[in-house]
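The same subunit A turns up in both complexes below, where it pairs with subunit B and then with subunit C.
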Partner chain A sequence: MSTGSIQARAEGWLGNNDVRLLIALALAIGGLYALFSVVLGFQLNGTVNTLRRVAFLSAIYAMLALALNLQWGYAGLFNLGAAGFMAIGVYTMGILTAPVTASPPGFGLPLPVAILGAILVTGLIGGLAALPAIRLRADYLAIVTVAFSEIVRLTLRAPEFANTRIAGVAFGTGGATGLSLPSNPIRILFYTDPAATAPAPNALGAAIFSAVEPLGIEETLVIGWAYVVVLCLCLGLLYWLMVRIGKSPFGRVLKSIREDQQVTQALGKDTRLFKIKTFALGCALMGLIAILWRLSGGYASPRMFKPIQTFYIFIALFIGGTGSPTGSIVGGALFASLLFEGPSFIRRVVAESLQLSNAPDTLVAAIVELGSGDVIPLLAYSVQDVSISALRLMLLGIVLVYLMQRHPDGLLGHRKAIASSVDLSQRETREDDYE
Partner chain B sequence: MSKNVQSAQRDQTQNGQQEQILTVKNLRKTFGGITAVADVSFHVEKGSITGLIGPNGAGKSTTFDLITGVQRPDGGAVEFNDTEITGYRSDQVANQGLVRTFQIARELSEMTVLENLMLAPQNQVGEAIWRAVLPRARTQVVEQEKALRKQAWEMLELFEIEHVAHESAGNLSGGQRKLLEMARVLMTDPEMVLLDEPLAGVNPTLEEKLIDRLHTLKEQGYTFLFVEHDMDVIMNNCDTVIVMHQGSVLTEGQPDTVKNNDKVLDAYLGEEVTI
Partner chain C sequence: MAARDYYSRGQNIVYNRPVLVVFAVIGVFLVFDIFRQLGTGTITATDLVSYLWNGLVLGMSLGLAGVGLSMTYSILNFANFAHGDLITSGAFAGWATAFLIAGLGDFSVEALVLIGGPIAVGSNELGINVVNTPLALLAGLLVAAVLTAALSLLLDRIVFKPMRSADGVTLMIASVGVALFLRNFLTFSFLTDSRGLTGGNVPQFTLGGVTFGGHQITLVLVAALLMLATHVLLQYTKIGTAMRAMAANKDLAKVTGIPTERVVKLTWGIGGGLTGCAGFLIALQQGTLTVTMGWDLLLLVFAAVILGGVGSIYGAMVGGVILGIASRLALVWIPASFLLAAAFVLMIVMLLVRPSGLFSGRTTA
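This part shows the complex of A and B:
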């Protein structure tokens, strides 16, 4: 491919309104956080770290929303068990990579092999889980899958499987304590021996670390940002994949299954196979995305895969609007940056700017203070760590109610990308018709 | 006179050269205590327009459902092109070249008219997910999509609904939906089409147009079996008419014969009829 055609392609991408919208959104969110941090005089390292965290979660939730959109937005498969499939992905990877000598022991496989294995296992289990439910209506599939995801979580937490031996093979989930995962693979870019506790940087690592050190930016932050860049590449790839699927004859069948399964079947499409394939693929992707998520922390625990995790993804999807990949990314980014991370950021802003003293122990105590005209105790009370997660849930509820009332189709509205690999407005094949 | 004798007679009158495309033998279906289809046997000749009539509740739609695999029969057999298709799933039936429309037009309302048409063709290479994604295999998909697009536009021309090509199917008028549904089943490239009340709610001009198309398509070799309540339409356009009553075939024959059959008249007037 010549440089000219690459340039033409890049221009084509940038000329695409959806891509522009996504870039603008990323800049707006980043700008908002940066602005607040600068105005409030946060340290550079902290600010860059806040941005990293927001970008990280945005990319993860955007990808999860894309995977869920494949199932729910494209095919109308109501998968309320996303968290369960994420857990299967992460734990399969964890068990496959854990050294044979570790406690709990694993299979000691290299990470890429383990990730591939985890994708296959998650996809397979997704397909199997869909089998009995695939003939059912959407709401029954939802019940089956939410139950399934809880079975997965409770199984992973059960002490019986924490360190077990089946057919002579020793392995374990770690039970309630959780499971250690391999260290962040991106470290290999910066360190000669990434597995060591205090590794020596390689040439690239040394160069970058010394360049940012005067700015007060720590090594871990550089690694974190490098990982975010990788995630964004994955997000771009997944987006491209979803657009492709949406425009393909396969996607066209999914679209019609969502509308009327009986008609689709009467037109000669084996709808069961389409649904199972879609469900399996979506689940496999969720497993992979969860692996990308948890690899950054190096640790997995059943607590991470509660049903609320599934609802978070659904809310992200609803915000952007189901059915369109662009909507999934918008929803994922807005959810993660404003609804999920927003409250804790505001807590820090409030805490730092008002120099809050100790918060009262109870809400009543805080309200009593109001009587003397002092609002600070109430404010301090409501921005404690504990109250923030409660506030977050309240905020989510309010946003959900508002969306359902005012924008039932999501912020991007009802977007209908035409499901066809060719431009349908042209009747005859022309020379310039090739994509 | 038994049905078989009647059929044999008709075959003779048409030089005995007719080939049967669809044969239904002793089809039966009960829902709880209700017998929707008691014992239905008939056959449809290749290249014919056959009407299926009968009062409400005679079991016409259920018979359609049993033939096309929407419901499983409790007994009996369906043969299509000498293949026994009894108990096939509806997608398998459609893949044999036997497709149906529904009584209430079931357009895929969020999809455009063209998307509706592009969906229908069988054996689309791009329905395999990897071909949809991998670049090299995708050229094949794009080639096929172009051929289908051409076909879809031709179908729109045939039914004169080109002006709504990019409209969401849900925005079409009732009559246009019927046209779309017809165009859509034809896109599957069938041999035979079962039409469940294709003219219900269609205005006279459009009705004429639809019937006209039916005859054009018949000339091209398609076979039609259709349920309709308008007697004039049935009598003027069908080669053969099958009359159902209370889950059984009352009589079948050429329109003129059926029209003058007292039992048919009685059945429509709600009289007790012994079959």
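This part shows the complex of A and C:
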């Protein structure tokens, strides 16, 4: 069989079914990481943990890209303030759940109530922010939203609100040091008393922990993977919701706003209201996803909500292609696994496989040695903590420019959800009608 | 009759622009509140003058940094998010030169040029300031201008030229990529977080309790000179006329025979040069250099440009000064940790009330 037909068959098999495509992608990424880990002889616990981290971030960025796609891909609202709305969600949840006696004090509400409250608050603030903002041109909207997210971050960081009392109610954001969040709720599955410092496992926990212990896999890793499974379920739910919205009358109006706002208005649709609803819904989802993200770390700080966080989501969205839910997931997974986590993994691979001497002090010294034919000093210089993270962000910059130049619609951009209910480009052209 | 005219015109404004009226009332109230606080002694005249002076210094930095941004915004029609990192690049290039000239012979070239990193020379060992080493600073300013102009042209050639026909949003996103690349390229090369620049006894004057720093005065004077030069260039030269024509109407400029592509290159060059100077001077005034300095300033520069009206060079200058003074005066009412947030709020309000800015409709004039 020729390679051409294999490729064609693979494309036919994958191209027709989005679920198959996504599973194949997940297997490919996981396989890639696992292969390198096994070849280099990494410990099983470490390998499984790397895979967990990649899967966790892929799911989070896929969900964030889906939420952003609702605003930008469907309604054409350029929201560069995603990080700000994520911060509002996480901090509302944190303040609502923090015990009244803690420092900073909170409201001591149970987690599900707090999450619901956080979604409502984020959606409400998103809607209010949209009221004046949607009148603006796309580039002004971008500047206004990024300024909004910075205002949110600076307010959360301000010492004045770190531990405050408004109208007799004491609460606080924790200022620059950050805010403790409740422990991961998934622990309930495995422990009888998850809040304790050294909790005793329940029946399920004991069974699983003792099963994986001979393999050298730690308890925290089992919990981490269980959380990833829950996240994947959330991702599936969100994907289903987005596909439903896309096909609903509401979604068709959004896509027609993206294509031509004036025509939509002429058809009697209140485009303003549609945009405000979409903006609020997208923001509420971002708040929820950010809560899912931070719950696994148990802690939030204003540093996590810098504008770069928004750019990460946009890169994920643009890789996958705007306007297509499947594209958002592909983009989120590719971004998290290759661009976000890839460089630090490569760094480990390099450090394990090559015996690196001490890194030269400066780039000049490294390049001088390169001139004499020795690549090792430059590699050693490049895999230092500071330089590898700089290289990663340089790579992101190049990817963003490349995508904008060559594929402004992303990898799956050709599958942009169309505005009309029938695909007009597929319509048979009957030239004889005009003769 | 005249009184009635004014009355009906006033009535019109109140009915048609209620938001504008509300903000005007708030503004007037704040001005009165300053006088009230002066009267009751909550703030002193010295405080007020020092707020105004520091505001002017910040405003001139923002204004000078904003001219280049406003130029590219009006002629290429996109918000350049890489502008902040052009400011930083200019500062790094200029200060590497200044260190090299001030310390050549005493230290190795590598240690001087690599402003950061483990082997870099400390600022106190060189004692660079405007009195001790004026020539090194002048050379630094020139190199900052030339190299940033060259960098802008290079970026235009590689990134923006192939996308001339793309829309503003696509260009803006590409410029975010450029910003990420530039900033982290500097981090990768210099391995630095923050670095002291100036040393020795920096001269300063104290007048009635208010301190006027020597480097602050240098910044204000040089920035004013550069803005004046930009004004002359735009108003009285052929290049300036061509740039203004292109900002007003690109197609019309093209049919009139203006070589638009050459004007675009000139815009990048001139705007980049001014931006490099701004970066060098801001670093001089702050006395420190960080990789994120330009990025941290970017939103403020955007605010200045928007306040004055996008595309208007004078708008950028005036907007910068107004924003600088307003954000320092805000210390009368709000704590320092909210200064930046207050400036952003001012920008958002401006975009909502009067998106065309104070100098609306006057592109590059």
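We take it that the second predicted complex is superposed on the first by the 396 of 435 C-alpha atoms of A that agree within 3 Å, B and C clash if a C-alpha of one lies under 4 Å from a C-alpha of the other, contacts with A are read in each partner's own complex, and residues count from 1 in each chain.
Keep in mind that, in the parts below, a contact is a pair of C-beta atoms (placed from the backbone, for glycine too) under 8 Å apart; a residue touches a chain by one contact, two chains touch by 3 or more.
Bear in mind the structure is a predicted one, so any value in this text is a computation, not a measurement.
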Quiz item: Counting only touches as set out at the top, which of subunit B and subunit C does A:Lys277 meet: first, second, both, neither?
Solution: first
Quiz prompt | First (subunit B), second (subunit C), both or neither touched by A:Met404 | solution = second
Quiz item: Just subunit B (first), just subunit C (second), both, or neither: which does A:Asp139 touch?
Solution: second
Quiz item: Can A:Leu66 be said to touch subunit B (first), subunit C (second), both, or neither?
Solution: neither
Quiz item: Where does A:Glu259 make contact in the superposed view: on subunit B (first), on subunit C (second), on both, or on neither?
Solution: first
Quiz item: Is A:Met394 touching the first partner subunit B, the second partner subunit C, both, or neither of them?
Solution: second
Exercise. Going by the contact rule at the top, pick out the subunit A residues touching subunit C in the complex.
Key: 78, 132, 135-140, 142-144, 146-148, 150-151, 154-155, 157-160, 308, 311, 314, 318, 361-365, 384, 386-387, 389-391, 393-394, 396-401, 404-405, 408
Self-check item: Partner subunit A, residues of subunit C touching it in the complex
Solution: 78-79, 110, 113-114, 117-119, 159, 162-163, 166, 168-174, 176-185, 187-189, 191, 299, 302-303, 306, 335, 337-338, 340-341, 344-345, 347-348, 351-352, 355
Quiz item: Where on subunit B is subunit A touching in the complex?
Solution: 68, 70, 89-92, 94-95, 99-100, 102, 106, 108-112, 114-115, 118-120, 122, 124-129, 131-133, 138, 141-142, 145-146, 149-150, 152-153, 165-166, 168, 184-185, 188
Self-check item: subunit B-facing residues of subunit A, complex
Solution: 241, 244-245, 248-253, 255-256, 259-260, 262-271, 274, 277, 281, 416, 418-422, 424-429, 433-435
